[in-house]
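Notes follow once the structure below has been shown.
The first chain written gets the first letter, and so on, giving A, B, C and D; residue counts start at 1 in each chain.
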């Protein structure tokens, strides 16, 4: 079984690696979006520290949405998506592997860059650690939930704006948990509760989201 | 009770009448819009049925 | 054996077909014909489980396919309108990708590509290939698959007469090996094997 | 995933039975809405006494609270119809869900707007990011998302199934949103504003509120049934068209 999963993972990585351009675009978007906050608001160090968790999280959130645009669209256009739906493996499992691969390619670089962004906003070392950890747990949830929206809107002409509209309500709880973990650290509040909730959200979405995405894709291909 | 006093609502007239006014306006607009939509659909369907019936009739004659 | 009972499908408020019952047993072929919009592609997609029927049952070896999806899919090979080739990848990579989790040796893939006439250009990204070559690449899967049931949507499109002969010979061999075949085609079939015909338009004619 | 199962009695929920029934019900509920609203507003404005803390501004409650309740009830109802439409594929359920959405969105908007207008004299600001207003705003996005997805997908059957699925995901998400926003609120503001605190309800207020809720229900039923009729006719038109094409 794990051999088959590995084969699936490799297969998705091969495909995603063909689109290095996309990864660069998403990362560039993230960096620019984060940089715009000080430019648009103020360079006051105290204020920057206050908005840092929100700014970095919101930039990561929109980068995720941007990356989701390509999750299924090319596969739908060239017909490989329907072939994947006919593979003799459970669709939800196939999708889970795919989402993991997608996260590794598009979100992991953002998580790795987040400490640098934290430095730019004058965060302390432990705050940066919490920020990175919250993104490490939070971005997979964003990808897992976002895939539902991506699956429902793939192939539509105006999918970009629509997918944002569909996803924002789903993303609010994750955003709240992630940013408040960082700001609570700044205020010296214990963040165990934040991370328990984030962890629980990750587990629940890992379990449920592949089925939801599978259902959504079946509807889209119908 | 004096009408002006009633409308003034102890200084809260703008908020109260703003609330009820917009709500009433939206509900009337929605209601009228829905009734019009139904009537339009009904009319179009009837016209279409009549058109198709006529075309079918001609097809049989010709 | 594939059994279809009382199948119905609708699209955009329109009933495409209903009460369709047909069965395909080992070594049998079924050619689905009908005018444009009669629902040929929809029928094939329903048989694969990609589209949901509005009524009716499909069973494979006596079991409902909706309940034994993985088993059914491992016996099934579907080829749609789209070639399902990744334009950035070369023929060899595409073929390996298309075979999914099926373990196939590199030599077998080379042989299949040679047999398909793509051996010399197998290292080229498929965006440089012509329509006919792309179609042949997706048909190369037929040489490597172990599936018993082939469902092919317009497999002859974009093929020249030589490629048609090549495809015919493989379809015939599949049938003589007790395989099953369901296909749509606008052209008259040139295969020498006996193929049943199902006319989707007939029900309402 | 939706199966092929069908409950036989569901066939009575067919469009041809629904249409004349709706014709009968729409005028009844429309007049009911008018009468209930008239009595409710009379009680609310002329019988209910002035609040010693908030003054007259609390009278916004008689439209704000029913609208807020309706916005949530309608979303729940929509999600229930979505389940029926997705699992048992009852066409009328889909039509009902789709007819409910615009009215639900309108009530959400009214709740937000009247909430803001009530907030200004009460808290001194039109908008505060309190849990209720924020969740209400997100509910509006859920409605807009449902309608947006439905109208963005060209194939009608696919649109109905995708939007129904989205409505169900949204319904699962509503409590999560609500509790996360409450939690966020306590983290950031320490104290939360409570609208009803201090205002002790008199009988007149309570009856007025209840009557207004029933009036909103009656209005919703009338408008939604009428919209469902319109949708049935519009789909019939497409079907007629399609049948003519296939006859060619």
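Just so it is clear, a contact is a pair of C-beta atoms (placed from the backbone, for glycine too) under 8 Å apart; a residue touches a chain by one contact, two chains touch by 3 or more.
Computed from a predicted model, the values in this text were never measured in an experiment.
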| item | value |
| --- | --- |
| Contact pairs, highest-scoring chain pair | B-D |
| Inter-chain centre distance, subunit C versus subunit D - centres from mean C-alpha coordinates, in Å | 47 |
| Cα-centroid distance, subunit B relative to subunit D, in whole angstrom | 18 |
| Computed distance of Cα centres, subunit B from subunit A, in Å | 43 |
| Whole-Å gap separating subunit B and subunit C, where each centre is the average of the chain's CA atoms | 52 |
| Residue list for subunit B, restricted to those that touch at least two other chains | none |
| Touching two or more other chains - residue numbers and ranges from subunit D | 157, 236 |
| Of all residues in subunit A, the ones touching two or more other chains | 218, 222 |
| Touching pairs - complete list by chain label | A-C, A-D, B-D, C-D |
| Residues of subunit A defined as touching subunit D within the complex | 148, 152-153, 156-159, 162, 165-166, 168-170, 172-173, 176-177, 180, 184, 212, 215-216, 218-220, 222 |
| Interface residues, subunit B side, partner subunit D - complex | 9-12, 15-16, 18-20, 22-23, 26-27, 30-31, 34-35, 37-38, 40-42, 44-45, 48-49, 52 |
| Interface residues, subunit C side, partner subunit A - complex | 48-52, 70-71, 73-74, 76, 78, 80-89, 93, 97-98, 100-101 |
| Complex interface listing, subunit A residues touching subunit C | 4, 7-8, 11, 14-15, 18-19, 77-80, 82-90, 218, 221-222 |
| Subunit A contact footprint on subunit D (complex, rising order) | 1, 138, 141-142, 144-145, 148-149, 152-153, 157-158, 161-162, 165-166, 169-170, 173, 176-177, 180-181, 183-184, 187-188 |
